[in-house]
Every structure is written in structure tokens, then in C-alpha cells.
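The following blocks contain the structures, represented as C-alpha cells.
Okay, so chain A shows up in both of these, paired with chain B first and chain C after.
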Partner chain A sequence: MKDTNKIEARRVQVHYGQNHALRDVDVDILDKTVTAFIGPSGCGKSTFLRCLNRMNDTIPTCRVQGLITMDGEDIYDARVDPVQLRARVGMVFQKPNPFPKSIYDNVAYGPKIHGLARNKAELDEMVELAIRKAALWNEVKDRMQAPGTSLSGGQQQRLCIARAIATSPEVLLMDEPCSALDPIATAQIEELIDDLRAQFCVVIVTHSMQQAARVSQRTAFFHLGSLVEYGETGQIFTNPRDPRTESYITGRIG
Partner chain B sequence: MNPDRHISRAFDRDLEAVQALVLKMGGLVEQALSDAATALEARDDALAEQVRNGDAAIDALEEQVNTECARLIALRAPTASDLRMVLSVMKIASSLERCGDYAKNLAKRSVVLGTMPVIEGASGGVRRMARQVGLLLKNALDAYIARDIGLAEEVRQQDRDVDQMYSALFREFLTHMMEDPRNITACMHLHFIAKNIERVGDHATTIAEQVIYLATGSLPSDERPKGEAVISGNGG
Partner chain C sequence: MSGSLLIQDARTQKRHAAERRFRTYGLLAISLAMAALLWLLLSIFSQGMPAFRQTFLTFPVTLDAAVLDQEANRNPAEMAKITTIFYGKHLARALADEITALGIATGTMTAKDIGAMISEQSAADLRDRVLADPGLIGTTISFTALANGRIDGYYKGRVSMASAAKDKNTSPAKLALADKLRAAGVLTIDFNLGFLTRPDASDKRPEAAGLGIAVVGSLYMMLVVLVLALPIAVGTAVYLEEFAPRNRWSDLIEVNISNLAAVPSIVYGILGLALFINFGGLPRSAPIVGGLVLVLLTLPRIIIPTRAALKAVPPSIRDAALAIGASRLQTVTHHVLPLAMPGILTGTIIGLAQALGESAPLLLIGMVAFVRDFPAAPPAGLFDPAAALPVQIYNWTQRGDPGFVERASGAIIVLLVFLLVMNAVAIYLRRKYERRW
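What follows is the complex of A and B.
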């Protein structure tokens, strides 16, 4: 279903202690769509991304105000278990961070702790499916017991994506997933992101504007803690409406 | 933060360089058009020859603009107004190259016309039209430099005057041809000349529209005003 809002944010404010990191962010994130967050360092894009799976809860000084809903449900409601939420909202980080375990165990970990598989055969199937979806299967199928850290950087990142999607999340958050990768591995991850959007709502934070232009359908530009402009990616990159967006994407402010 | 300049100053230099090329082209085209019209009126074959030879420089500049734009796209990945600038520069260069061809054609025909009897009042009318079109071209390029939408809009409106001048010349040539069939060859050449100058006016309009695209991100949507068309009755 295209054009359905998966996530809606209203007047979201984030403070880290005295620091007002995010101001009045209103945004609707579409399901089955790749949404890119761009903006200079410290603009609040990662902060906002981390609000979407309540990663900010782990920072004691952090205060999140406003409303964020997923499928219409307030994800900050007292009844929502953040651990369960994170099974529905997977995350991939900047540096590939496989567990110091086998390739198999890396991917099996999520389904195991959430009790998603009834038996070993079912778990095997889940692991294979996730690794296939992450476009890594052909490269690792013969060495599933090898340590995840023995893979190349690009393969490790795809392993982390496989790990993130093994619990069948609805939303996949990616914080600079390619910044530690070479251009070939980057292209493979971007290709994968494009495939993943058939099934997931993908939100990606990237410093590479070209990457945002290549992989996303929607782009949001953050600056100094505010969401400056949000729109169709083609429009943002050919004819942005806000002069600050224009200055940033043309390389005039950084 | 300086929103007028790129963080990469080399990018600014590249963009300025390619714009300078297109403006140089514009200058050559304006000169060629005006020289060709003067050569026609004064029956100055040497000047006409100079215009014909000068077209190669205009063509070479267009190629240089295209090469530079391709390089800019490949190396700088321009976006937003930078991208529109590169795209519009290529379009403008292609329009100017066509205008150069029309001036060259005018010069070619003026050499042929030099061997024929003078058609009363014709070359003066052509020169006036060429001057008007030259002005449109100049205004369109000035609008480009200043990103002046108002001036660009004026150029679009003023092209109507050129269309009317063309229609008037068309009727005049027709009258000459009907009066004396010996005028037909010369008037046919003059008619092509008038038509070509009218086409230059259309290109000036295209450039003006590119200015609007560059400044606003979209082409003007309304139909451009057209002068009286030469289609009915005695008008041919």
C-alpha cells in the first residue's frame, strides 16, 4: 500500500539536558517508501531517527516531547515496551557491528530472544530468508558457522541488515549505513535498500546527498534542529522551495 | 555562511566560466546578425563574407559549452539551481548556435542579392527587423545575467512585434512579386531572410523562457502571445 503513513510525528521536541536538539518536528513517513534525512552535522537528523525506536530512552539526560505514532499508536505510550518496539523497528548503524558470534548466530539472535521460532527448522528458515533478503546468501551459505567478523566490511553491513530484518520488523532505520564502506559495497547496500522498500518502511540518515538522491523517494532536510523542508526527492534536488535547502544541497552551507 | 558562494570555490569558478562562454557566444551572434543586415543594405560583400566565416567560432563555442557542461555534471553533480543553470546554459548555447546559422544564411543570401536589382525598401525593412531581433536577443541575455524574470517576460511579449514586422515584410514582398515577376528570385531570397530573422526572435524567446526556468524552476505555462500569422487570403 503506497501513500499510507506508517509514522506520524507531531511537534516533536528533543532536549539533551539544556541543549534543545530538535524543535517542533512535524512529519509523515510513508510506508513502503525510502525516506532520507539529510542535513549538516548536529542538525538533529540522527536524534530524530533515534526517536523512532526510542533509542533516546537509553540517554538519561534526553527528553522527548510531542507525539510520534506508528500505525496510529503512540510509541511513547506507557504501555509500549521499548524492547518490543525495537523488534518492530529495526536499526542499522554507521559501522558494521556484528556480534562476536557466527554468521548464523548473528541473524538467529533476534528471532531467538523474541521467541519467534518454534523449533530449529523454523529458525534455520528465518535465518536463511533474512540473509537472502540482505543479498548475502550466496556469499555466506557455505560458511554459516564462521565468525561474522571474518566477513568484509560490506558483507558485515549486509549481515547487520539481515540481523535487523530477521525479526520481520515493519520499519528499518539506517544511520549512515554506507559511510564506512567502499563504493562497490555502497552500491550493493543501495541496491538492497531499493529492494527492501517493497516490504518495509525505510528511513535512512545520510551525509551523502547523492546517496539520498539515489535511494530515497522522500527527502527531509534538517537544519539547526528544525525540519526545514520535506518533499518528493526529485523536487528537493531540482527545485527546493526553501533557500536553506537550496544552499545546503548545492554546497553553499555545511 | 555565504549563500551566494559554494564552499568549493572551484565549483563557482567552473559555473562562472561556462556562463562566460555562453555570453561570449551571445555577443558574437548579436554582432553577426547586425553585420549581416548592414552587409545586405550596403551590398558589402566583404562584410557578408566575414559573417559567413565568423560562424565557425560560434559553433566552436557551443561545442566548448557542451564539453564544459558535461564535465561539470560528471565532476560536480550539480543540484537545484546549479543543475538548472547547467541545463539552461546548454539550451541557450544551442539556441545561439542556431541564431548564428541564420545570420550566416542571411550573409550568404546577401551576396546573391548583390547581383540582382534592388527591391525598393526591402533591405531597410530587413535591417529594422534585424535590429529589433538583435535587441530582443540582447535583452534575453541581459535577463539571463541578472536572472531578471521581468525583463525575460518583456522579451516574450516583444517577440510579437517581430512577428508583425515579418508579416508586413511578407505582404510587401508578395506585392513586389505580383507587380513584376522579375522580382521573384530576389523577393524569395528576401523572404527567407525575413523568415530566418523571425526565427531568431523565437530563439530569443526560448532564451527568455530559460531565464524564467532558471529563476523559478518551471517554464512559463501560459501560451506566448503570437503576432498576426501569415496564413489566410491574399497573405498566402
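What follows is the complex of A and C.
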């Protein structure tokens, strides 16, 4: 399955009111791969990520133009229900945002609203599997009824990952998932991302170039609302073609 | 230019002085407010507490069959022909007999004078009791009558021997006799349950006036407000906050809701009169109309805090739910509303408390009427005439007999207790569901 395009974007434009935030983005995102979006603040990388599960729909002034397909289907087609799309494209946010409910309920929420489990036993199994995949099981298995907000920051973020993968999405979007975490928690999450690659198509937005180099196979560099360069991570970091990419990764801009 | 740190320069001293002045003003303002509050509570409690005590006369009454049931067939329809005035005379005789039996000298007082010591209301009470239970006829019962308002006032400090001498409703001889009766145990001063359970009474009988119908009416109206205002207000707030598009129309609606919260309440009374009574054909003085007017009044006052509570829920929670694939309605009902609940409940209870204390709009829809019959149980009772606590207070302060001043202050205490309980519930709920994110 490697090297098949999961998501294809063609000439994507995003406007926030009068502000042209993203122009002419063309990207092919591979399945079972970690793709990193890097670039300075305000370059549009998070905006593009939020186009992929249509979270931009919740912002009234936001307009998305161009074509984004997943498995060949236009996700902005009028017949597409964003709710259904988001069940297949999970998302993890910058700041851990567990629901103020128990750990169990946090993870069980997705399967519950999508009717994925036929009974309690099946639901329990799904919750356990998701938490295991998020490498959190050993830490929380004895206190599943404790509130999710009682966990540490790194644990909360892994809980959010567990919550996102509990619905068995095909794509997992991560918007700077480690920026609010300490180095140890970051290392744990990065390790986790590498494991998740076996099952999901992972797209991660990050500020840290080291992180992009460590976890991703493909990297896209955004600058001032445009996609500057996209290719193999190794190539981007060792042999960038565009002078702007080179300036950024050597620390001259950004 | 650097002096010693140990010496404050003129600029620093000035700043400190300004701060001290500000603190003094603050303390002064708070002291004034506390003093005013204390004064208010003191005056209300000193005037109102006596309303919870009442002077009673307890003596045996023989319910003579030959007098009270002349047809001797225990037919309530026949017995009802015997009037309250007759019962009043009967009571007066019974009390006079008891006084003679106790060997208390009455001087020149006639049986009529002695009868005037009993509240006119008691004769009606006795008649009601006999008509409700004809089996009592022929027996001797121990009857507890209300003492006349002047006698009651004598023991509460409103009436003195000197003032009684000038009062055509009582006399020093009656007060002296009352003292003797008290020593003999016939006259007692007890907790006045009737103040909370009896209906209002006419101008001449302050001793019999109670809050019963006003309390029931106020509770019925609160029921209407809770059942109608809470769901409508929360629905409106959720729609405006979570679903409505942000445009000129939603801005206009928002501004108008804020303005409605500031509209004088009497205006709502006129609206209610025109809308519910003249146009809708609903009965006057009915808790349903009062409740509906208070619903109109309360709606903006619940919508505004509810919107604030919804706004206070962090957007990250909404993002999280939406990103998992919850629909917008699911996001609201599963996550946003539960988190906003403490704020919503607090706003609702404060809104209810304000509605409970509202009198002006109720005056306009006729809730100031003199009502003697308790309304039926809801929902039918919502259409029966009733009073309301704040209107009852207003009503009693308009009456001539000083006994009603005491009743009005007592009613204020009852109203304050209701408000205090509601605010306590609001605080409890807020603490219990303290924000958890």
C-alpha cells in the first residue's frame, strides 16, 4: 500500500475574509506515511491541515477553494457531510483538550456517537485497544474512571491521540501535538507517531525542524501562504532545492 | 540623581497618599452600605417578627343542638342558614361563661364587650368547623379563638392603656380583663401558623390575615416561569451562541435582548394586560397570567447569563468534539451544555428570584384583588384568582389598621427567606459544578 496517494490537493486557496491565507497548494499525501508540515508562524500550515478534515468550516469567514480529494473523492463536494469525514480523519490539537469526563468516557465517546460498538464488552475492547495503541494503557488501566483532566500534559495528549484513533480513522492530523509538552513527553509522543504510521496516514504540523526530521518520511515547507517545497524528509533537510527552504532550515528566516 | 532608598521621595509619598485615600473611600462606602443594610434588616425584623406570634383565647364552647341545628336533622343546607353573627354571639356567651366559671370579676362589662375581645374571624372559623363536621353538634369542644387585633396589639406593644382609652374599638377595661385571662391561662401567645396558612382578611381583622394564598400564588407563578422560561431561554441562548450566523440580524437581536432586560417591569405588566387578558382572554388575577408576564420579564434575564456561560466554555472542547465527528448539536448537548450548566442554573435562579420579588406588573393584571378562596391544585388552579407575596406586602401597607404594618413586615421577612433560600441554592449549585476544565 505504500506510495499510494491518500490525499491529493490541487490549487487549494484559503481566504479568511479579505486575507488570502493560502495560495495554490498542491500536495500528494501518501498512505501509511508520516508527512510533516514545517514553516514559520503564520505560513498557513495549520490552515492547510484544518482543510483536510474541514475544521475550517466552523470559522464563518473562511473560504476554501480548489480540490482536495481523499481516496479520489472530493471532500468538499456538496454531498459530503463533514461529520462523516471527520470520523475518517482524526485530529489531535496543539493543546491537550480532553473532555472533562473520565478517561474511559473520553475514548469511548467517538465509538459511541458513531455506533461502532454493538455492546459494552465491544466498547470496552475498543477503548482498551485505542489506549494501548496510544501507549497509555499501563499508566491508566487502573483508573479508567478518573477524570481525563487529572492526567499530566503528556498523558493528556496521548489520551487525545487515543480518543482520535478510537474511531479507527484512516488519516490522523496532528497540529503541533508536542508544543505544549516537556522533552520527555515529546519523545514519547514522537515514538508513538512512528508506531502509528503502520496503520494510519499521519500528517503532523510542527514548529520543530528536528521533530520533522525525526518522525516524518515526507516534509512540506510552507512560507507566506505558499507551499515552497515538498519531498522526502532527508532530501529537504540535506539538499533543499529552494533557497527559501535552505534559509529556513539553517535558521536564517522563521 | 540617586538618593537613599531608605528615604521616600516626594513623588512616592504622593502616590502612597493617593492609595491610602482610595482605600479610605472604599472602606467608607462599604461601611455605609453595611449600615444601611443593618438598618433595613433591624427595622424589618423588629416590626415583622411579632407577626409570627399571635394572641389566642382558648375556652370550652358547647355546641348546643337546639340552637345550632333547629331542624335537628344535621342537614348542612339547613345549618348553613345560621349566620356568622349568630355564632359570634354564641362564642361571646361561651367566653363570658368561662370567665364567670373562673371567678374573674368583669366589672361593668357586658357579654357584648367580652365578645369584642374575640376576633370576628373566629366566629366564621367556628361556623366552618361545625358545617364541615356536623357530628360536633351537641358536644363541648375546646375552641381556640383569635384575640381581637387590639388585644393582640396590646401584647405586642402597639396598644397601651392610654391609647385604648381614646380608642372606640377597645377599652382599658378589656385590656385589664385580658391580663387576668392571661394569668388564668385562657389567653396565650403562641407561634402564629395562621400567618403562613390563612388567606388575607378584611380591614377590620388584621389578626386573621395570612399569607397562604400569596405564597401559593407566588409558587404557582414560579412554576409557570420555570417551566416556560427556562427551556425557551436556554434554547434561545444556545441557538444564538452556537448556531446562528453572525450577521446584522443576529446583532440586532442581541442588542434587543440586552435592551429588554432593562425595560421597566411595569411595561411588561401593560403588555401582559393587553396580550394575555384583553387579547388572549385569560382570567384576571390568575397565576397563569402573572406567570406569563414574569416569563416575558425573566426571559432576557436568563438568556444573557446563559449566553455568557456558553461563551465561557473553552472552544478547545468544541474543537475536540467536532474533530471526533460529533455533529454540532451533539457537541452542544454532550459537551457544551453540561459544562455551562452551573452558570445557566445560577442565572435561572437569580432570574426566578427577581421574578418572585416583582410587584409592579402584577398590580396591572389584577393580582392585587382581595382573594379569600385558595386556588385549586395545578394545572386548573393556575386559572383561579390568587395573590402574590410582593403584592400582598404592598396591599397590607395600604391598610389603615396598624396590625397590618406588622403583617406587611412579617411578609417581607417571608419573602426575604424565600429569596435567601433561592440564592443559597444558586451558590450551592455553582460550587458543586465548579468549572472542571
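The rule is simple: the second predicted complex is superposed on the first by the 254 of 254 C-alpha atoms of A that agree within 3 Å, B and C clash if a C-alpha of one lies under 4 Å from a C-alpha of the other, contacts with A are read in each partner's own complex, and residues count from 1 in each chain.
In this section, contacts are C-beta pairs under 8 Å (C-beta built on N, C-alpha and C of every residue); 3 or more make two chains touch, one makes a residue touch a chain.
Everything numeric here is computed off the predicted structure, so don't read it as measured data.
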First, second, both or neither for A:209, with chain B first and chain C second: first
Chain B versus chain C as contact partner of A:113, first or second or both or neither: second
Touching partner for A:87 - first (chain B), second (chain C), both, neither: second
Partner chain in contact with A:100 - chain B first, chain C second, else both or neither: second
Touching partner for A:246 - first (chain B), second (chain C), both, neither: first
Partner chain in contact with A:238 - chain B first, chain C second, else both or neither: first
Chain B versus chain C as contact partner of A:15, first or second or both or neither: neither
Contact breadth on chain A, by residue count: chain C or chain B: C
Touching both chain B and chain C, residues of chain A: none
Sites on chain A touched by chain B in the complex: 209-210, 213, 237-240, 243, 245-247, 249-254
Contacting residues of chain C [partner chain A, same complex]: 245-246, 314, 316-327, 330, 334-335, 339, 436-437
Contact set on chain B toward chain A in their complex: 1-8, 11, 77-84, 217-218
Chain C partner contacts - residues on chain A that touch it in the complex: 53, 55, 58, 60, 83-87, 90-91, 93, 95, 97-100, 109-110, 113-114, 147, 149, 160, 163-164, 167
